[in-house]
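Take a look at the structures below.
One chain, subunit A, links the two complexes that follow: it is found with subunit B in the first and with subunit C in the second.
== the complex of A and B ==
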């Protein structure tokens, strides 16, 4: 009896729910966005699964979008990791004076949002003679007349480019990964903004775009890299990439923070090159890596060029 | 056959003796070329020093300067004096303790007389600021670009503003 009724209706509970769900889902899709670039980005493949032609298409589409938004030409590069290169970074804690020139040099180079403010580098201030690297009691909002102050020392922290990066394992969409030259990169078009990577990072190095990134067009650095400093979107995570747009070149420039440092505390180079300054620091100086006990194996080496 | 090989080896030996010294000779110049430095940071119009000092009698007694250069108060070596580094016979050059003359463009050799470890690390790229290419031409700076030689300690500077506190975000 019941079965007959259902046949007559042609609609049972299950098909009704299925149809309703499909209908609601289709409502959520913005069909009014008729422009092709929206649908192209909607169906964009994972960056590492695309071939050269597909990547070229994506880059030209993004360049079009950015030009429309910022009214100026923005070049998006796609330099691959160079063979025989493993990037390493050294920071001389006996020289750092905590002046934050690196923080703002980085912002200029890498197109971070100005308001809401995003900094990839945090400079921590520690009191001398206390527990060594007491991260819980470090201060990052210090603002004295002059630095360095006698009773403090300073430690800038940014992405440590771990060889064993916990953030990469945490990402549910594989929007972040470690490239062969050791740089941990993010595809801003694949990031879904879940911030699992931020929870996984022991260094607090990742930043989230809570609001729409806000940077005036005249302050946009037009030399960008797809996995680096191209303008970001609301709801994606970003972080230091060792200035991938500068360094992945032959010859490649030093990262912006290295060039901004007035005391020469920042060192950068190829860990596989025995003549590089980073190797000299590791081989001749007292060196440590932050939170080494977590087995993340950072490629960011803090060292002391002279004892004091 | 054997004599042929022997004479071949002999020829190689001879040639290597012929070429080795000629390759060895310009090494000193190469060393200086390796470090690409910008011109020394002279005060406006002060160089060449000979434009004033030419023909001036040389007073070698340490004293307080009253006519010129009063701004230079030596906070470097205790009991130091101009001619420890400057050359009294030609002011356009500097003079090492062993009497060798160095140009202002190569003044790091002068500083390295006492600060040998620092000079070694500067050459290795560790001490001092590096810019340019990490895998290409590196721009070095002279010691005197960061350390005023008459008072070389690095002076404190004003820090850039701290990040916005979460409580200040609107």
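== the complex of A and C ==
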């Protein structure tokens, strides 16, 4: 009897192993990653359903993966939203000169792919003296010798961090959500790449990794956040996070685009702090928000500090 | 279990074995499936960058085809309503083929969603419980629920009906009725939810029109049935399935009404957009006239409009819809017209101009087209297989082994078998039979082989006193009441009826008796089956 049982077990184990091998072979589409870390990443849980220990595990695995890929240490943070903070952004259109330094400052800070090229900020150029913000006649690919050009004004657009974000509602897998400090974030390991959020976003703020993101190791910013600027994957969506890796980790620090702006057109701060720069701008300037009629309630305020 | 495996192989054989034409068709489809698969492999390797989709136009040919096919799937309901609710017999006879078409169409829908995904391996994230389905907030989550539900309902209906037919029984409306009733609002829901998927996005004024869902339904009830009409004629020609012209003309009439409504709704939309002329009419302007010199969709749009209007009139007049040349022309026009209108004509203008006013004109790449063709070929192959199995079942040519058919003599026999040797004297035989309460007994030779039977009748027929000196071998009759052990239960009754005695002897391969079956045993077995 005992012998029989042993024999049975042996058979079962073997059939199981065969089955598992077949299963592996059929599922392991990315053959180059058919190792333990591939399966760990395949079965990784939703970020908000993991406990601290599980998150720690994931972060160290990802750090290992990135180090293997880029041959340099990359730190992935997981700073939570601070209580009493609601981030807001201001943009002074009267100052903006359309130089796109914010665009490239952002790319440098946030590890966007260089080829194919991904920008989180789009700067639009409008003709002065005709219409107000007339998107249909805006020019995104302007390329003059020198900016600013007298007859134009410029308007940078990035994620507006809506209080009522249509993208979050659209996402079928809850891979994108609004954190308590108002930042709309994406879990790049949970996004299935359906791009419904991109159809839902009224501001064209979301970018998809159509190809494999490429960025040379020496240009990788090693200070990252899980929900922010860590290197992304092919087939997932990404967007501006108000430089979550800076603004959460070092309270008071500006996002890269604010620092990059040579004319001080960009303001950033805590909307809940009555003494903040952004509160001053909102209270003292005539601010407006893009596509107010859609009721998305952006935390991104445009204004003209002076008429020119 | 044996029965299931056996029947599975019958079904498999039915699909695998066909004539030359069948193999030619299957290889034709397989060729395109392979082309599509190799293109998809390229997409898996390089990413969706091999398509012409970009951030500005983030959905393209795949989602366009998905949208069109949801309409085809929903159209089965146009057959279900007259068939089951109004008991219109000519359509009731063919509704099964419509349901199979719905199954194929939904399968294609799912494939189109899969190939559109940037991370197809993560598809399980969308499931409830094991994933993190964003239900009820996300309309895409709703779509997953309704599409899979519709697939399940239609699969259940079609396969239940086929199963009952295949074992030679009528399907029971008490079982299938509720599902059929449920499938009607469900078909409307897959359409409505898919329309809401676009409709609910305030960021895309072209889609954000409440007329979208009614338009979806109206156009679905044109294109889906038009495809079915053509398929029915092919089925009728290639098989023995009889499809009444009345059914075809009735469906054609229904298409005329649906197209009338579709054109009216389209007109309402066009009026509102162009007459009010707000900046939100830019996409429809792009669609019909081009915008800032970009006009790649314009010829397609007008082509589709002309097709739809022409088809409407061909379907409207009884003379042209009851003439197969004009009817087929009309079907073809509707399919092309709606494919453009509700495919690329619906999806692309949602993104042009994009939310920041940029115009990026989208033309699908060769790989995208190959993958799309591959999925269509996969759907066609699936439908072919389904029909290859369903048609002979439907015409009564293919029958499964039912449970009753699987029951053999050995399963119901009583294993008590009494035997005597041929040299047994009759007097002893009588005592033996009386003591054992036997009406019949088997006579076996030295090798335990059945050589005859003796019944009480044989003994009684002997005149009194004549038994002296006689043995069993003198009385026995040749073993007519014997059956092999694997004899099917249906045949047993016939043998029993033609036999003089009430007892059958079951013998094994070497002719040895192993059991007996009385009429009562057969009755009991039949009753058991009936109760199951």
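The rule is short, and it goes like this: the second predicted complex is superposed on the first by the 270 of 308 C-alpha atoms of A that agree within 3 Å, B and C clash if a C-alpha of one lies under 4 Å from a C-alpha of the other, contacts with A are read in each partner's own complex, and residues count from 1 in each chain.
Everything below uses one rule, namely that a residue touches a chain if its C-beta (ideal position, glycine included) is under 8 Å from a C-beta of that chain, and two chains touch if they have at least 3 such contacts.
Remember, predicted model here, so these are calculated numbers, not experimental data.
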| item | value |
| --- | --- |
| Which of subunit B and subunit C A:42 touches, first, second, both or neither | second |
| First, second, both or neither for A:116, with subunit B first and subunit C second | both |
| First (subunit B), second (subunit C), both or neither touched by A:159 | neither |
| Which superposed partner A:140 touches (first subunit B, second subunit C, both, neither) | both |
| Partner chain in contact with A:254 - subunit B first, subunit C second, else both or neither | first |
| First (subunit B), second (subunit C), both or neither touched by A:183 | neither |
| First, second, both or neither for A:170, with subunit B first and subunit C second | second |
| First (subunit B), second (subunit C), both or neither touched by A:208 | second |
| Where subunit A meets both subunit C and subunit B, residue numbers | 116, 122, 140 |
| Contact set on subunit A toward subunit B in their complex | 92, 97-101, 103-104, 116-117, 119, 122, 140-148, 247, 250-254, 258-259, 261-264, 267-270, 276-277, 280-281, 284-285, 305 |
| List of subunit A residues in touch with subunit C within their complex | 27, 29, 42, 46, 49, 116, 122, 124, 134-138, 140, 157, 166, 168-175, 190-196, 198-204, 206-212, 233-237, 294-295 |
| Interface residues, subunit C side, partner subunit A - complex | 44, 46-49, 51, 53-56, 58-59, 113, 116-123, 125-126, 131-134, 137-141, 144, 197-198, 201-204, 279, 282, 350-351, 353-358 |
| Subunit A-touching residues of subunit B, taken from the complex the two chains share | 121, 124-137, 141, 146, 154, 156-165, 169 |
